[in-house]
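Pasting the structures in now, so scroll down.
One chain, subunit A, links the two complexes that follow: it is found with subunit B in the first and with subunit C in the second.
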Partner chain A sequence: MRPKLKMPSKKWVTRKESGNNHSEMNQRLNKRKVKDNVASVSARGILIFVNFLALLIFCGIFWKALPILSLVSLPELLFSSSWHPMKNEFGLFPFIIGTMAVTLLAMIISLPVCMLTSIYLSEYAKRRFREVSRFAIDILAGIPSVVYGLCGVLVIVPLVEFMGELIGVQTTGYSLLAGGIVLAVMVIPFIVSISMEVLRMVPEPYRESALALGATRWETVKYVVLKKARSGLIAATVLGFARAFGETMAVLMVVGNVAQIPTSLFDAAYPLPALIANNYGEVMSIPLYDAALMSAAFILMLVVTLFSLTAHYALLKVGKTIA
Partner chain B sequence: MSKIKIKKLSVSYGNHQVLNEVSLDIPERQIIAVIGPSGCGKTTLLKSMNRLLDLNEDVAVSGDIAIDGENIYRPDIDVNALRKRVGFLPQRPYPLPMSIFDNVAFGPKIHGLDVSSLSVVSNKEREGKGNKGTQRLVEHYLRLAGLWEEVKDRLNAPAAKLSIGQQQRLALARVLSIEPEIILADEPTSALDPISAKLVETQFKILKENYTIIFVTHILRQARRLADYIIFLYMGDLIEHGPAVRFFGEPCDEKTKAYISGEIS
Partner chain C sequence: MKKRKLEENIFKALMIISLLGVFAALAGIIMVVAVKGLSSLNLSMIIETPKGGYYLGKEGGIANAIVGSLYLMAGATTLAFIISLPVALALQKEYLSKRFADFTRLVLDILWGTPSIVYGVFGFVIMVYLGMRASLLGGIVVLTLLMVPIMVRAMDEAIRLVPFEMKEMAYALGTTRVETTFAVVLKQAMPGIVTAVILAFGRGIGDAASILFTAGYTDDIPTSLLDPVASLPLAVFFQIGTPVPEVQARAYAAALILLVIVIVINIIARILGWRFARHIVR
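Let's look at the complex of A and B:
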């Protein structure tokens, strides 16, 4: 319960010996308490508002997406591959597959890089080098998505086209592979920076225990540090997934955006976020188009929330296992 | 015969010099106590002897330390092999994040110690394949550390579940398992209750037949009880060293006398 405003002051004033000094102090005390109250009430208000906002977005999107279910059934929406808004066919399957494929590919590319980088920085590198790298990683993490997209268009897409030529596959370069690579490069600084923090959290004496037995650095990492840091590293990875899943701009620029189920790395794909960003607000003449896009947004949010919760759970375990 | 020869060893962390030209010879197969006030450099001296100091980035070491005549600060020395010869028991036990069994089996495993060649394994077990040898070995070292009876029924439990006193003896078993020649122990009983402390002391007395044991202690009585040889450090200087009987019986230096009588601590 919050303390009542004037409670202590009354007592003090009624005391005989309390002079001017005291009542001045009481006034100040009152003021301070008022400020304290204003601060706590407004902070709580804002907190409630923010939580409410999240709920509101969820409900809002759900509500806007609902009408699509009157036209197509849920299984059809999720698993049909025909996307012909003109003919009232709204199958999201190619986009769902597109999202999963790009995300998965990005993770497959980035995970080994992330783990080795963070292990090197945390366990092998000298302090100075670690600090410099941390700085560089922070800069990388701050580069806007569009810039990554541009670099992708200028470098990765031609590179993929060239690779396709080398192995005799017809491709424009705008493909699943290009999307995966660009996305991987984007999540690497994010995952590395969290993983490195997690590894640094493992107390030094554990390393010393293993090293004192004559273990090499690598044996120490493998049997001690990674074991201690496991749940934290999982959290870092899952958070990376969540990021990659919802990432729009850069991927949209290089992935080709063709509503099909990609059958090879060199095929174009069309992830959910790109679908929404490309189309919303443009073809509103088609009935239920926006409801279909809203259902895509809802799926996206649901999955990302799921990832975040998993990461949160893993992070809760970090405190218990790492010390 | 002296096992370790230290010549003009100076150690500093950054600008802060903590050992000043320490020179001494350490005898073999005895219990050696390193004593001195807090912060005088005891842990530093201990860690210099198996190069655990290297883990510290801003440490500078000069002078040299020879074990069996071989300078361990030579650049081409194999540090992992050195640490196998010179085991270290830390001030606080930090069990490896694995089972009790694996904690003891870890050292032999990484060093590829051929279980079957160890003297503790009988001929019969040597022939049988599989884990039999390792099991025998883990039991042997846990017994040696005085822990076997308490843990024999839960070898697969995580080591972190043990009490601190048990963890300390597990750490002792872990050190013994790599068959070192020298054991460095940093206040091995400071985290222990009196009974566990007694157990560790008893083990040390048994072990000195085969090992050179160098331990740090804050407790003068413990040094008197256990040690054959005393090294007394004060603010980074080696003040006095020698056989325990002489050290306590007729100390030469004024500081030693003051420390023994409890005037400085």
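Let's look at the complex of A and C:
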């Protein structure tokens, strides 16, 4: 038998035979165009996919939360304070109040610190120092919430207990105040880094004109920079609030988790995320328990979404006023 | 005049105090975790999995949590990267109308702000629906969901910093959009993209709420995707709650490891940012 001759590859042959340089180039151009169009279509596809995913999360939680309304009415769910899953009583009121209280407390503690720190870093500090500080703040922002919780348990809780003793209040230390303090430290780096960015967005000439008119630095900040950056700073605050609102682990570890409406700073509270985290694992035994917890998750998500939207439009506004 | 000077000085003092307060908080957290963690950290803690009687303070370590966290993060980071990069590239203005891209950015911002416990609950619902139990796979999927918005937004920031003139030059040479994206934009934005991945990793590895129901907790190192898996944040969370001091010590050790990982990751991201920045045309 004759060994088969090795044939040149078909591609090579056709190229050689086609010979027509022009049509070959056209072909290649077509190929590139096709690739480009494919990419464009898949870009659209993947963005639609992302939006769809968001919708899926939203609808999925809504759909699972809905059955609870067949058992209790919406006002009852939101404003009743009796939480007895065994007796089919699902009132989220103490938890909603707990979340609001601990978040507001954290904001009250952290806001002045945040604003003063970001003003200092943006307006007073030298560039190098600002960079170094920004790095430190990034690290603070990156610390996992369980580590915050751990430090809260080790430091803040005994501290709060001691404070309670000083003013003669009976407390274990696991309280609203401890939760507020831990949460405040957690949101500080978050708010500071956004506020700093917003303040840096204010153009330099504004400051220079104020300073040239004889204003002190603080006056420049007070009358010019803060006015220009106001809606951006509000956005930073709102985003910080949203972040604090949904924070779970650190708060869960220090806040005490007693289903009651707290009446003092030293009382234990029970925020919504903690409720979900503590109970969601073992919901299957009680009917509609999971739907009740789902409605808690839905409330969290809804509030955070509203806050994100507010912040988004505030930031858009700041972009317009400054530009 | 005196009054104005006084006001200036008072506020400056307040600012410095609050700045020092923030630094003190950072130093305090690192100190507390380091002191508590170092005294309880030893070799057997790192390389051993829990033995019998572990939760009463007997032998064993947290190797299950360390390896578990690494498994989870390896899977989630890879998946999130595969999803995020095309999304971030697609957000460029060449591909889609600005309105659609901006709308997607807004949606991603909302997802970014969504509490991780909500992701955990959502993941759990999906897993119940599919008949899965808490597993490595479930943890990876939920962490991916959590990390994608973070990664995309950070990548998007980096990609938007590529000057449009540079893309115009490429277009003027006759390249198509895809070719420009891969040859010019990707190269220019690479440091930002790497930083985005690292930062998302840092966020993912510390998150406990999302994997609380979806990844479970176990004393063994998982051998398949459907096994439950332990993780460092949950090791901290579960062990701090026990009354036995030896077990609490392991929580401190786990927290220290977690903290070191997160800080190292931040430093790497920062250094990479600087190093790559030199090779980039601005």
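Simple rule for what comes next: the second predicted complex is superposed on the first by the 294 of 323 C-alpha atoms of A that agree within 3 Å, B and C clash if a C-alpha of one lies under 4 Å from a C-alpha of the other, contacts with A are read in each partner's own complex, and residues count from 1 in each chain.
The definition used in the following text is that contacts are C-beta pairs under 8 Å (C-beta built on N, C-alpha and C of every residue); 3 or more make two chains touch, one makes a residue touch a chain.
Everything numeric in this text was worked out from a predicted model, so none of it was measured.
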{"item": "Which of subunit B and subunit C A:T248 touches, first, second, both or neither", "value": "second"}
{"item": "Touched partner set for A:A297, first subunit B, second subunit C, both or neither", "value": "second"}
{"item": "Per-residue touch tally on subunit A - higher for subunit B or for subunit C", "value": "C"}
{"item": "Subunit B versus subunit C as contact partner of A:K227, first or second or both or neither", "value": "first"}
{"item": "Contacts of A:I286 with subunit B and subunit C, given as first, second, both or neither", "value": "neither"}
{"item": "Touching partner for A:K126 - first (subunit B), second (subunit C), both, neither", "value": "first"}
{"item": "Contacts of A:E219 with subunit B and subunit C, given as first, second, both or neither", "value": "both"}
{"item": "Partner chain(s) touched by A:L69 [first = subunit B, second = subunit C, both, neither]", "value": "neither"}
{"item": "Partner chain(s) touched by A:P205 [first = subunit B, second = subunit C, both, neither]", "value": "first"}
{"item": "Residues of subunit A contacting subunit B in one complex and subunit C in the other", "value": "216, 219"}
{"item": "Complex contact set, residues of subunit C against subunit A", "value": "4-5, 7-8, 11-12, 14-19, 21-23, 25-26, 28-29, 32-33, 36, 86-87, 89-91, 95-96, 100-101, 103-104, 106-111, 113-122, 124-126, 145, 148, 152, 176-179, 181, 199, 202-203, 205-209, 212-213, 233-234, 236-237, 240, 251-252, 255, 258-259, 262-263, 265-266, 270"}
{"item": "Complex contact set, residues of subunit B against subunit A", "value": "50, 52, 55, 57, 80-84, 87-88, 90, 92, 94-98, 106-107, 110-111, 171, 174-175, 178"}
{"item": "Of all residues in subunit A, those that touch subunit B in their complex", "value": "126-127, 203-216, 219, 223-224, 227-228, 321"}
{"item": "Sites on subunit A touched by subunit C in the complex", "value": "32-33, 35-36, 39-40, 42-44, 46-47, 50-51, 53-54, 57, 60-61, 64, 112-113, 116-117, 119-121, 124, 133, 135-140, 142-151, 153-155, 185, 188-189, 192, 216-219, 239, 242-243, 245-249, 253, 273, 276-277, 280-281, 293-294, 297, 300-301, 304-305, 307-309, 312"}
